[in-house]
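Think of it as A, B, C and D in the order they're written, each chain with its own count starting at 1.
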Amino acid sequence: MSVGGFLGQLFAIALALVLAPLLTGWVNQCRAWLQNRSAPPLLQPYYMLHKLFRKDVVLARNASPLFRFAPFAVFGCMLLACAIIPSLSTDLPLAPAADTLALVGVFGLARIFISLAAMDVGTAFGSLGGRREMLVGFLAEPALLMVIFTLALISQSTSVATIVETLAHREIVIYPSLAFAGIAFTFVSLAENARVPVDNPATHLELTMIHEAMILEYSGRHLALIEWAASLKLYAYSCLGLALFFPWGIAERDNFLAMIAAAPLLLIKLGIGGCLLAAIETVNAKMRIFRAPEFLGTAFLLAVLGLLVRLLLEVRA
Amino acid sequence: MNAGVPLSAQLINLFAAVILLLAFAMLAQRRVMPLINLFGLQGLVLAGSTLVVAVTTHQAHLYWSAGLTLLLKAMLLPWILHRLVRKLYVKWDVESLVNVPATMLIGIVLVIVAFNVAQPISLLSHTISRGTLGIALATVMLAFLMMITRTKAIPQVVGFLAMENGLFLAATSATYGMPMVVELGIALDVLVGVIILGVFFFQIRDQFDSLDISHMEHLKDG
Amino acid sequence: MSSLLAIDFLLIAACLWLAVGLWGLAAPRNTRFIAKGLFPLGALIGLGVGVTALDFLGQSAETAILVIGLPTLPFHLRLDNLTAVFALLLGFASVGISIYAAGYFRKGEGAAPGLMCLQYHAFLTSMLMVLLADDAYAFMVAWEVMALSSFFLVTTDHRHEAIRSAGYLYLLIAHVGAIAILLAFGVMTSGSGDYTFAGMRAQELPPFWASAAFLLALVGFGAKAGLVPVHVWLPEAHPAAPSPVSAMMSGVMLKTAIYGLLRVSFDLVGTPLWWWGVVAMAVGLVTALFGVLYATVQSDMKRLLAYSSIENIGLLAVGIGLALIFHSFGMETLAALAMTAVLYHCLAHAGFKSLLFLCTGSVLHATRERSLGKLGGLIHRMPWVAWLALVGIIAGAGLPPLSGFVSEWLLLQAFLFSPGLPHSWLNMVVPVAAAVIALVAALAGFAMVKFYGIIFLGQMREPALKDAHDAGPWERGGLSWLTLLTLLLGVMPSTVIGLLDAATRQLLGTGLAARVRESGWWMLAPISEDRASYQPLIFLVTIVASVLLGRWLVRRLYHGRIRRSRAWDCGFFFEGPRAQDTAEGFSQPIRRIFEPVFRMARHFPTARDDQPYYSVKVEDHFWHWLYLPVARLAERISGLIVRVQGGRIAVYLMYSFLTLIVLLLVARP
Amino acid sequence: MDMFVILLAIPLVSGALLTVAGERAWAPHLNIIASAGTFLASALLTVEIIAEGPRFAFGEQFFIDSMNVFFVALTAFVGMTTSIFSGPYMKNEQAHGRLSKPRLRLYKSMYQLFMFTMLVALTTNNLGILWVAMEAATLTTVLLVSLYRTPASLEAAWKYFILCGVGIAQALFGTILLYFAAERVLGETGNALLWTHLVDVKGQLEPAIMALSFVFLLVGYGTKVGLAPLHNWLPDAHAEGPTPVSAVLSGLLLNVALYAILRCKVLADGAIDGDFAGNLMMGFGLLTLLLAAFFLGRQKDIKRMFAYSSIEHMGLITFAFGMGGAVANFAGFLHMTMHSLTKSAIFFAVGHATQKVGTQLMADIRGLIRINPVIGWGLMLGTLAILGMPPFGVFASEFMILTHAMKHHPWATPILLLALGVAFASIFGKVQPMVFGETHAKQLPHAPAITPVFVHLAIVLMLGLYIPPYLTRWFHEAARMLG
């Protein structure tokens, strides 16, 4: 483990912590613009986090220690995910700790914690949110795995760093399978991050919410951590998507300068991504919860198609 | 029958044929008392046949056999049966035989089967009465058929005893009799069997008020 | 003592277990002595078994021939590495379960404790003997004794009709399975009459008979393991048994079936055909999906776990299938990868499923309630059990950094190589099967969240739950032991794989250990570091560190104040435990999405009902597809056959007569 | 004194004595003592035969070799345990008012005479005497079956008598034919029915006659064995008689009848080319096994069900002997032993259980384990043993039969397994609720004699795990004798 790598790792983590709320703010702003509303400030999420951290925690009377532990665990999981996903450079000492499969596991772990926490207080909305979150989870996971399989077949690896290196640096080949995989990944990302059309991060209408229903009982620093973790998740998914499908510009090992150069590129890519996300959220309506299986089923089918295209066209040819 | 057959063999065959005839007669007999009489007559003919064999072959134990048969089958058993019938007040019992002609027809088929089965054995026989084995088998089968068609206890037992007659005919005619020990044992068994049956008849009548075995169809699974 | 081999130690342990059991029979009503004296003794022996097996791993096989058995076929025993892996599992799992049982069995509950002690230890002995057996007779004897002793344990509380019929179903299917196994052995001897395993190995079976043997073994061992469609006993028997027994059955006994399947398909039957693997994989996928879907909709906590066991067995069958496929194409390294996944999952499942079953035992003891609809909020009353169960469900959901994830990860890695199969269909279909695995894993998460959330979290659904008490010290000890195993299996995969390597090398001639060792004990990289890697320890440390650091920082920078208040619930006024999801409600999405999979009887409230209620009852399709028709057929046949015994003596005489005539005509020259 | 004479004399004399003085207070003890004495004599005889080899008695009329001395010992043993069991059982029956003193006298004397006839049948060298003894065995037991004089028991006894009488008549015809065939070879020396002489010349016997003769013998003695479709008397007789009688009928008489068939099979095999006798027996065995298995599920009466189970096992044993060869014969003998011991143990337990509950209807018997754990476990373990569950010995023999069938007659294996599976499902499904569950039954006036149950089961258990070498040798010699 080189010193450079270590610094790069710390830098990546710090960048994630800083950029994640910003990305959320950016998406909100874009959306407001697209919807002809006056936009909140770009830094609004920071203000909110700060405010929440300052506030007292109001706990429900029968909240258990698990309820208080969960936000930290979720936050930790997301942080780990961000630390592993190469945003600027593939030279991350933590990267071997988890490959893409394990990364799916990390998100799963976070999901379990937040669902359990949702059930802990014992309100009607909590458990409703919990079960819907798990529903989305088990629908999204096979699709995500198929996407990963397609990529892993191309790069002969499940390690994110290796995938990125293969796609970005080794050769320039057009993989039609990646197109399918990319669309599937987008679908999954929307679902996983509680975005329209599966969920709506802005809603508090009881019967439609998923993510928000789960965190209704949270307040103060706990809520802050959860919101931050949600931003981190969006950031992690965005970076993952960028790294997998638009890996150009991510620095290789032992190349600190390239890493510095990668930072603006990342900002630009994230900016475009945020815009696109806002656009998707604007042109789509939230669907009923039981339409989600169809949506994610489509994602799964696309991913399998990608896999088959990979096996049929690219391997045989 | 050709001329080469000795007189004794002709006699034995005659006796055997009579036994078979009697078996048919028993098959068709509806009433109890005549049935027992027929059975006694069969025993008598059997004893006669055994005596002829004994005279022809000069085997001492066959004389004993003939005597034993006479005593047991022609006299003692019919007597016991008579007594039973009287004591049990079933003298006037009439068996409702279904379709006697059909039964007789089946009987004839059975005789054909028996002769057919016994034929290869008869050909091997060196005794004077080679043909009787088939008749003995036929008698056994007719007795069997009789047991199947009867619904009263006593006729069924008579059928059972008639079967023993057929067996005995086989034993004497085909093999000149079994060893004495065995024959005595068989005779004892038959006797004890009849006595036990007699006891049984009373028990059955006490329980069922009848010797009609169609009452005894309660133990079943189907 | 140096002359004693490992196999001798295991034999002695088996005898000791039996002796402990018989000792219990000497004082059948002395609960205190049996619980606090004999069960810990059994645990100690279990530890001995585990350590012996651990110590043995990697050595060459040892054999023994006992005086008992048939005159022509005395008991042959053999300790090899495959056996050792499963003996390790048996030994270490039994330690935790026995310690737990010491606290679990109390005065005045169910059967005489002495009898239970005998049955329990006979069960342990027979499982050990199953693993050691090296001929068909010894195997069958041990196998059936295992079934029998566990049957008696299942029916401990035989006053309930449901438990009796569960026991009956269990023993019946076990027996049918045993018949299939016996047939498989018979086929494998291929007429040589040599029923030792060595004799079977020596046979070169033609493909048809080899396939027959494999399929019979799959049915036979599948019946014990709970593969669809012979799984129906499992969700009945596991809930019926006392919890330590459920734990033992689910955690260990099911694995003996996996052991048997491995023994037959990789060791005894010779070179496998590729389609065997496809069959095993297909059955496994169906089983896994079926198991997990049914697990999610259960309302009885032990049934939920039982179905989850079915799911895990399905995963194991998938792994075996994959290993068979690779093995049949000569891709031994990849077969070793799949095999390692299988063995690892056996260990992992033994740990976490035993743990979870024991947790239900504690809950059952504390609340006398098995129905999820009447539990809730127990984390407040039973913190020990709740927190240890949390470890169990995370492992059970197949999530990092615990044990269940490692095996699933290995399995998926193996799947990633399946496009390289030299077969035009397989290399396309098999990768897609991995998606089913992913679905199963995610659904398992759903089931586990339901299990944990409904039992331990939320508000107490019944007022009586307020009196629930936490597990006693013995129970805590047992639970902690299993938790420790789960943790260790989770964070030290390389070390464990190094141990399992001896078994894979024995079965496939190659293993993963060399590559795994290269990358250090903290890292799992079975193929190469570039290809895939996983470091659970760093994983764990990072999460723990970020939790602690985060907490410290937040308090440092801001504050740690907390106020307690009513739950907000979006300002909703309707409070109380009835507002929460019921167990049925929680699984409503699953029932809705996978509706055709379930056989449901639902009652919906209507506006005109005086007492409106909603109920849903989920039944197993296989009852109506397979079991009931078979039962009806048997009924019909026997209905025809019993007409033979119609009660009429004349008819009986006619049978006799006709038999005679027919035979005479046959015999006539 | 000659041990063999003592062996036969004890039951005969005590039978006669009990006929005369069966109502005395010491009569029950005499019954037990006589049975024990018989067993002792048989044990000593066994030792003698093992040490000195086969021997004759009463001229050449009786012949004891390693094959039948084993049956003698088994018969005497089960006879002894049954008599021990029947002591308190019959006292309870008397206390319940189901049996009077004269009936008990009849029971005891007939019991001893029955033992005598079986011992004669087992040891005689003369096939004619064998027939006489078999018929006598029927006669002695027919009154035992109707001991209760209920309509059902009378019906059962009547059917028993008629069907077995007719059956045994066929056996006599077979014996006559056999004699006919033998006489042609051995002449009229009176030795023509002596088995030892017949065996020496079995190759010269006329095959055509021997085939017919064997058919008659098989149908005849097969009726007593309970081979389907000649079995119809068996469930009735076993279910309606007193339980000790059911125990000896199932455990012993069936064996003796099968033994008679085996003796004849040796001769038939010697005379006829091909495997005529074996194939017949295999066919009968399979038919019996399958038919009985499907009967089991329909039973309501517990003794009747176990009677069908006996039929089933007789089918299996007949099949085993039909296969022939050292292994199958060995397995057949082993299975006969196991079945005798296990089935009589089951009947002991069933007897006590039905006495406790006061009914033989299985639907009314519940929770035996709570009434009396010993009876409950006895029945449960016995049932599991008879169903072929290891580690009981029945499994050992079934394992050998199955493996042998797989090797030599693979087509039969599915039938065997189907039948065994159906039998398991049926019997266990009925026994389990009887043993387990709740109940409210009262205590018995006389404590049950439960030791025999566990003595039998312990032996069966031991033989399942370990067959002592001398027993193995014994079985092997017996198996070799069958060829």
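Convention: contacts are C-beta pairs under 8 Å (C-beta built on N, C-alpha and C of every residue); 3 or more make two chains touch, one makes a residue touch a chain.
Computed from a prediction, not measured in an experiment: that's the story for all the values here.
Trainee: For the pairs A-C and C-D, output the one whose chains share more C-beta pairs in contact.
Mentor: If we tally the contacting C-beta pairs, A-C comes out ahead.
Trainee: With centres defined by CA atoms only, which chain is the most remote from chain C?
Mentor: B
Trainee: Round to the nearest whole Å and give the separation of the Cα centres of chain A and chain C.
Mentor: Between these chains, centre-to-centre, one finds 35 Å.
Trainee: For chain C and chain D, what's the span in angstrom between their mean Cα positions?
Mentor: Centres of chain C and chain D (C-alpha means) sit 44 Å apart.
Trainee: From the C-alpha centre of chain B to that of chain C, how far is it in Å?
Mentor: Distance between chain centres: 70 Å.
Trainee: Indicate the whole-number Å distance between the mean C-alpha point of chain B and the mean C-alpha point of chain D.
Mentor: Taking the average C-alpha coordinate of chain B and of chain D, the gap between them is 31 Å.
Trainee: By residue number and range, which residues of chain B touch two or more other chains?
Mentor: 117, 120, 144, 147, 156, 213, 216-219, 221, in rising order.
Trainee: If a residue has to touch 2 or more other chains to count, which residues of chain D qualify?
Mentor: Within chain D, residues 158-159, 162, 166, 208, 212, 235, 295, 298 contact more than one other chain.
Trainee: Counting only residues that touch at least 2 other chains, which ones in chain C make the list?
Mentor: Residues 642, 644-645, 649, 653, 660, 664, 668-669.
Trainee: Determine which chains touch and list them pairwise.
Mentor: Listed by label, chains in contact pair as A-C, B-C, B-D, C-D.
Trainee: If we count contacts the way the header does, which residues on chain C are in touch with chain A in the complex?
Mentor: It comes out as residues 376-377, 379-380, 383, 386, 390, 393-394, 397-400, 405, 409, 412-413, 415-416, 419, 427-428, 431-432, 434-439, 441-443, 445-446, 448-450, 452-454, 457-459, 523, 525, 529-535, 538-539, 542-547, 550-551, 554, 557-559, 561-570, 572, 574-575, 577, 579-581, 585-590, 592-593.
Trainee: Name, in rising order, each residue of chain D that touches chain B in their complex.
Mentor: Answer in residue numbers: 61, 126, 128-129, 131-132, 135-136, 139, 142-143, 146, 149-152, 154-159, 161-162, 165-166, 169, 172-173, 175-177, 179-180, 183-184, 188, 190, 192-193, 206, 208-209, 212, 235-236, 239-240, 295, 298-299.
Trainee: Can you list the residues on chain D that touch chain C in the complex?
Mentor: 158-159, 162-163, 166-167, 170, 207-208, 211-212, 214-216, 218-219, 223, 228-230, 232-233, 235, 276, 280, 291, 294-295, 297-298, 327, 369, 384, 387, 389-391, 395-396, 399-400, 402-403, 406-407, 413, 417, 420-422, 424-425, 428-429, 432-433, 436-438, 464-467, 469, 472
Trainee: Residue numbers of chain B touching chain D in their complex, please.
Mentor: The touching residues are 59, 117, 120-121, 124-126, 133, 137, 140, 144, 147, 153, 156, 160, 163-164, 167, 170-171, 174-176, 178-179, 181-182, 185-186, 188-189, 192-193, 196-197, 199-200, 203-204, 206-208, 213, 216-219, 221.
Trainee: Please name which positions on chain A make contact with chain C in the complex.
Mentor: 53-54, 56-62, 64-66, 69, 72-73, 75-77, 79-80, 83, 94, 96-99, 101-102, 104-106, 108-109, 111-112, 115-116, 119-128, 130-132, 134-135, 137-146, 149, 152-153, 156-159, 162, 204, 206, 216-217, 220-221, 225, 289-290, 293, 300, 303-304, 307-308, 311-312, 315
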